[in-house]
């Protein structure tokens, strides 16, 4: 395709390396460190079955007698458990690895679902306009004013009450993905719609219409590629939000069950022991959660500055 | 303006209608009122009779209309657990939650505007960088963790503040007992309010900063400088008013989020408000109370959002023409 | 007496890893009550000149060197407070787009009163009286009512009149108008220009009119500067520049106008584009587009020299002139 | 009529935009007592124009006069509220997108802002190939590439730059590329919506020359929308002057500039700043252009016209043929009380 110009053009990699975005990334130590930390956390958590010394889901490996050992740097620790154990005697290090994996998985899948819903709805609302747009955006406004967390809490509370906790716990991960994915669609849809509206006004869209191209071709081939920057930024921020939402729901007992804990449920189970001095059951997963969310937010911040779309949380 | 108001009120009614439908659907599907009334030991025939008597065999529409009619008269059913009208149970808990929201709102409004404006005016000062750094950390800490951290530090380790409950409240009238009238009340509400504000405050600081920085780039600010207007007047008269307009809209949306976060805060601090009650109701499968909570909270959201929209319409001089059409 | 005297003014912009020169050592003078046009295409540096005179360059732009003497004092060395007391007072500015210049949430009255109060001790009602007088001067109907209106209630032409009224509020010595009619319609544009001309003449106000439109300059100003790539390439009396331009760029600009060619004929175009500020050619900035360019034009930047009745920055102006004379004879 | 069949003919074209849209508004007020008044922008009112093959019809007017709306209606970007558009004898305004496909190869459009009219995420090659492929699916890769190279050469852009993105080009070059894109489907009719007003003076001449060349070489017919009368004089063969969505005056370019008849045309001509004119003598108009929301009952120009009388207030003037062939919609011209 570009055979005419391959000689004069620098290679693809060099182009990417020299692009504004790569330049601003290299110049921003916070972004570099954040990406590194995020990569380390992600890789370690997904390799949990290989790295973790224990399997927290295997009841045979759990001994209640081992409960509430502190981390190794505190007196009274058992060197077998690097970060100590929780109230049920599970190795905290292994449980955190598995829990982080769950939190990340739920966060990313939920955002995938959000993105799918939000981008399709946003594109349609923005491109088609008129009544469909007004209706969809009113719905989005109303849904947004109820806040994701509220919708999720009520939905999960009713589901739990309806199915009973046993069935609920079994499918908790799917419920969480579904509810966080569905409840947050307005954030995406509004952002996508706003960009689509801005892009639609530009003359290249008119030009495509005058050339006779169909609406789907125009939406997917012309408008969508130009709306990607805000979608990237919001996706990053939304992963962080989804992880927080998941943790909050699990903390309330409406998410992952203690037998299969995510970071949120781990913190929740530790909270009962905080007054008795077993701070680590809450604190260590708490720190992991905050660091994970923080690096994603920092990356999102950098991306927002680098791509410079006008975007707000809220 | 009048048409705008009518439009907003109509919309509010439509939303309440949808909420009541959802509430009714939950009530219809969740739990069996007969079991709560008569227990397991009654024969099937008696049950059928009771069902007829209670109207449980009527069509969906009839049952909904009865539900909605009762709801309009303030009858949201009777709590299984408290054996009291659900609305009363909630109204008793409402002031505690509202005071928490008010406390957090004071913190948010009082801090976010000056701090946001400062960081926008001096984006490169060390203090601004520090604030921005802290704010992103603030956004990244979930409310319940902030709450736990504060309990651990200020209650468990130092013992400066109590870790749970409302403490000494002063009766005002009706169901309203206030925390703001006694020292003990203040010391109890401080930590929960800060915890509740902790995620919204950085969000608002960042929002105000972003809006303000954009406004400061605008032509009319440049023009004001070219007229020789003093900087403080440019910042606080020219820029701040334009900054706060979009913030008001976001603020309206965030009230909903704030009420949702009260559930988390109240759980951690065992604050005897609606949120705490709601979680208990969920655990007890107290269906009427769950539904009543949904409807009351929905009502609060709708009312506040409508008010915020109207305030926006009143404050923004350009809204009359622009908004009426759109 | 000289109202404004600019000497070797250079403005630079700090970029990602270097600085670019937006204004390259420009010098000019303005007498009291004189009307000066600054013409050029986008990127020539004409708006930057306007903002530099007000000391209002926004980051990353800054005055690198040079002097701006206004009423005998150097603006580049003034304190911010002193500068503020001049802005809007002795030196007023009219912006390009009246739709975005006025603050949307403040009434016309508030925006006029604050300007007066920023420079004089006046009560609100005194200030409003002055505002009404000035609004009348710019032919705003029922000025008392306008004071309570918001900008969005007024049309673009009306807003630009109000902006002119604000500029006149404190009887300034100099008005800098940056493309004051570009955003307006042709018929409104002519009205505003006529008004501006009338007010400047009757109040003996100096005017710097920044525009891309040679027709406007020709009707409005006594002297003209032609700018290209951050330099002044030709300066002199407007009449003479329009009737007998010396610099090849000015000639090209005038000849490129459709009026200068018979309908349907090919227009005389200048080839190429104005260089971007990051890639200004060495030597004469116009040389890559110039048909008269010689080797030394590519290496050595020409200094402005007096030629007949104008100042021109061109090495080849002599040759160019003899060519033209031949053309006229032949 | 002995005149050749017009290539484009529009009859009594109207376009109104509703101001009160929004789902809830209409839904909520249907049953209630409070019924909102329907406000409409009357962008184009009863406009009839013809363009013969080889002509360049210029549509001039100030902002809000509906000139761009006319262009967009003809290009099929908007649907008319009333009236008909015929192209080469066939009615086109009521066709579906698919039914319009053959027409797309004949009629193309050039836009005002060269910074927005090219997709920033597509290389020039991609942008130019897309329409060729879309309209000629049978062409081989090589043929498509040849076509693109040919078109690029014809607008004076080096084909070896095809791999670059639009942001690497200057405004003038982008406008050339935008013209090239329109030319890839070999159209015979070009709608140009202010194609040079976003460009610098020296670049305007380049683009105008390019369009004139294309006209001669490809036998193009133009509908040229502009607010710049000097360009009209140079480029157009016929001129239509629009005010508030209505045609005031329609005539040959030469006739219009020699002998403008409508008071608005005269004011417009006098308002153009002239280079070598020490004493501008422009006709000052009262007030400003009214908004096209509630149209006056009579002549749209009545509120600003120095020659208006009571008839102008109540009765809309119809276009009248003048002795020199111009069509003028003005009671004062009709009654011959302008120059008296």
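Per-chain numbering from 1; labels A, B, C and D assigned in written order.
Operating definition for what follows: a contact is a pair of C-beta atoms (placed from the backbone, for glycine too) under 8 Å apart; a residue touches a chain by one contact, two chains touch by 3 or more.
None of the values given here were measured: they were computed from a predicted structure.
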item	value
Common touching chains of subunit C and subunit A	B, D
Selected pair, greater C-beta contact count between A-D and A-B	A-B
Intercentroid distance (Cα basis), subunit D paired with subunit B, Å	53
Between subunit B and subunit A, distance of the C-alpha-averaged centres to the nearest whole Å	24
Averaged-CA centre spacing for the pair subunit D and subunit A, given as whole angstrom	49
Averaged-CA centre spacing for the pair subunit D and subunit C, given as whole angstrom	32
Residue numbers of subunit D (touch at least two other chains)	21-22, 24
Numbers and ranges of subunit A residues touching at least 2 other chains	138
Contacts with two or more other chains, residues of subunit B listed in rising order	11
For the subunit D and subunit A complex, residues of the former touching the latter	21-24, 72, 75-77, 97, 100-101, 104, 107-109, 111-113, 116-121, 123, 125-126, 130-131, 134-135, 159-164, 178, 181-182, 185
Complex contacts: residues of subunit A adjacent to subunit D	1-2, 4-6, 8-9, 130-131, 134-135, 138, 202-204, 206-214, 222, 225-226
Partner subunit D, residues of subunit C touching it in the complex	41-42, 155, 157-158, 185-191, 193-194, 212-216, 218-219, 239, 242-243, 252-254, 256-259, 261, 263-264, 266-271, 273-274
Subunit D residues touching subunit C - in the complex, by the definition given at the top	62-63, 170, 172-173, 200-206, 208-209, 212-213, 227, 229-231, 233-235, 253-254, 267-268, 270-278, 280, 282, 284-285, 288-289
Contact set on subunit B toward subunit C in their complex	217-220, 222-230, 233, 237-238, 241-242, 245, 316-318, 321
